[in-house]
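Chain lettering (A, B, C and D) follows the sequence in which the chains are written, and residue indices restart at 1 in each chain.
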């Protein structure tokens, strides 16, 4: 299977207009991001409102990103659904469209029934059926079934399960996986706020919303935190100061205001975030003003 | 809109065979339940694995129930989906198929964004678009967004939002809604374990899994607990003793073993529960044996 | 051991002035409550700020209540402490002062170590050492270790462990204990909001904050909900209407505003709630005004 | 006030024998730890079973540690109690006994009343009354009231509130405090599992249970992770490998088995952990064997 890249990948937002996917805005964003040093794109992840698209819509969005993306960007698509059959069906279609890896959150509706046995069977069945790497997606904030470290390390022995994106914010969990993983199992930090801490423990990169808004800064933080040759007394300070600078932006844009906040921040930085799909509502003006102030204060936009 | 019934409605299970809906088994169950005093059926609720069916499959299941159901049974269909548009689209199709009311859980993926404002807009948009009553579905066990009592009482003023099924288990919440509801807004207790307590506060009925396994006993408990003319010193005792008797069955069948447990219990009582759909796995033999013992001990099956 | 009473017992507040127990105010309250049909008093429970008093102070407060209380009031004292030895030491002293039963919450600091084995040993050691009945106190809102139903039913076989006060709000839990208890094991509902529901399942009484503020109404609700001879179509309605009327008062006074709210409500009804002890701060004026409005609206005070 | 040290401080366990503090065992441990490069000792913290000692007992334990401790060890004492008055009274006594700083967890019994306003007043009242630095103690695992980052950064401006120990495990919280703290406000990581990640963000040291069992390894990890001059490509690896090696030990000794596990691990490494106080029970033999295996596997003891 394709080896997974190191580095930073943004979970692309899906812009909507009048409750329909806005493919022009999507293309605009991808074209502009093509010139950054981002390692690739994640399509239809949590920030891509993947759960709001039906299968045909999802495939069309993937098609747009594949045809617009620069050749050096690695394309991952989110395909976790509640039933095993629908997860497989969507996965096959997006692979046919050009997805080079899948990002797969666990089913979660019947939380208490999602034992390690059930989840292991579900993920193995998927991984047995596809020819691209599967990235496990641990995202208890949105999907209320956490993947135990034991389950992750067991699945990491499957030849097609080659990485994890963890947005739990639990560095003990991340460290446990890093300490026990096979060397080619990639670990992506799921929040820009924890990138430096995750890299200190050995993480390979980050998949996080802020990379839609501040791609260059996220890549710079990755470089500073990752490469030991860059680390001297000053550089360590440099990495920390950049991490400190991004903390309040990330808190405001994603933790506080969710997907509508991320889209508003993209608008403010010259991307085309567009509207969210219903039931999500666009951010109200006072919240947009809050985000503007945070971006100004982090020197991501002018006053 | 159709007035909602008082009484007990089971959330019908959807039997599967080889991962496909088993319409014969479904018909078998409905035909057998037709002879009970159940007030109606809920199709594609949580226990119906509604989240595992795509829209076409869902409509076919509804068609089967509608054509099999006795004329006096009131048919409710679960249609809550993540996006407003898919909730509307599925709702319209099942109404066309004969659904007389909708049971609608809130969207929940972007939990923190599901404010009362967002949810109120979502439910009103749905209720404005349909001509059958909407029953709100508060089910934090499966859908991690709870409907606040304030939101429920606000929505209860919409002419098409005419009831709630509450499975929170929080009698303070139930009491607050009962104390503040318009008189024609129906309140259904979502767990057989809390039926008597809910009735004491004025609830109108129950929609709960156990009614698939023990429909007559659930209807009897409703009658005993509901009608004050039946309540004397002894009868109060009778209602309580029946409630006590059903408690461990309900705990074992649904709380402990989930949908696979409910299906196994139906098999043991002569219904055709069938298999769950993947990722759910059928119950293992020792768990089935546990359930058998609980059913024997509650005198629901012979030893 | 003393048989535990049926009926309503308020957990008395401990009034403070200048951060010291105000024995005059305490006596005033007890004298006034002596003329009600309350079954007794609970001293130094959660609402009595028992955790803020050292052992000598606690004993002096018990002494004041014992010497002021009418002869027909049953006196229970809260004595749960973190260590087994301090729980025993305080229990012995208050029994010597006249306590007729103990209300004992579990230790909770080392939550994860408080297994059923550890708790069973702790409670048995206490019960073996005293000659008055122990009432288990399940209060997860304040003490983050819940007593499992299995543990409670096991401890209920000890001759000196004769009851439970449950403030979990979980009627399934309450029902499970009622269904499995020995007939002389008393079950007290810990919240006025759930009194009617608890009585419908067979509870013996209530120990709840609101009985400090509205003792007559709580006793009336107990009578209406308890005695099947009073229950006809109208009376059932009467019980429910009274329960509905008390719901918002209880929510405002205790759930929303805590002990300072309870004390302010007592002041408004002519008792002497006094100040809380630090770190608790007296309620601010706008919150007191909120409570006043709620009491007016429930016809507990004039406008 | 005394400047707070950088580095590692163990929260000393309090050994018990026959439910009484075992001062000989305590002295034995301190004498042996005196020869390490630990920066000091924390007495009567969570791992010291401080909540199980009355005030006189607590002072005697502090006296023993002060008289036994090497001159270069900085002595911190845990004095957080539920009431402000008892927190002050214990603090004054241990300062008189030689405590050079206080570690103070917030009151938590009335969780919902512990607003930032109440907590700020409580901590300021304490800090105004003492002449040694106060270290805030955020430990939601044991004390279910978390100190918000906003409250911590506000309190950090008080001249006597000079640090925090954070055991939340939330690196976003830790990072937010580090990004906003005054330069002389010390931040201690509360878990050995997160030491390296915390140091990457700028933390000043660690106060954690594992330093009782593996003091040299904890100090080495601090040195490797802290000093940028030591960090080259290899050294980064060295720090990570040591962190990975300590992870399972820390999980087993403290997270899984609590204070009894920590004491058992100390016994296995030649210290005198002793018994816990009741209601805590000594670890059973199979659990001790588990810990032995973990220590062997981490090369902390021979096979």
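As a convention for this text, contacts are C-beta pairs under 8 Å (C-beta built on N, C-alpha and C of every residue); 3 or more make two chains touch, one makes a residue touch a chain.
Treat the numbers as computed from the prediction; the structure is a model and nothing was measured.
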*Chain whose mean Cα position lies farthest from chain C*: A
*asked:* Suppose each chain is reduced to the average of its Cα coordinates; what separation in Å results between chain A and chain B?
replied: 36
_Centroid spacing, where centroids are CA-atom means, of chain A and chain C in whole angstrom_ = 50
*Draw the chains as dots and join the ones that touch; what shape do you get: line, ring, star, complete or other?*
ring
*asked:* If I apply the definition of touch given earlier, which pairs of chains qualify?
replied: A-B, A-D, B-C, C-D
*Touching residues (chain side chain C, partner chain B) in the complex*: 169-172, 175-176, 178-179, 191, 193-194, 196-202, 225, 228-229, 231-233, 235-236, 240, 243-244, 247-248, 251
*State the interface residues of chain B toward chain A in the complex, per the touch definition above.*
19, 46, 51-52, 54, 82-86, 107, 109-114, 117-119, 121-122, 125, 141-144, 258-260, 277-281
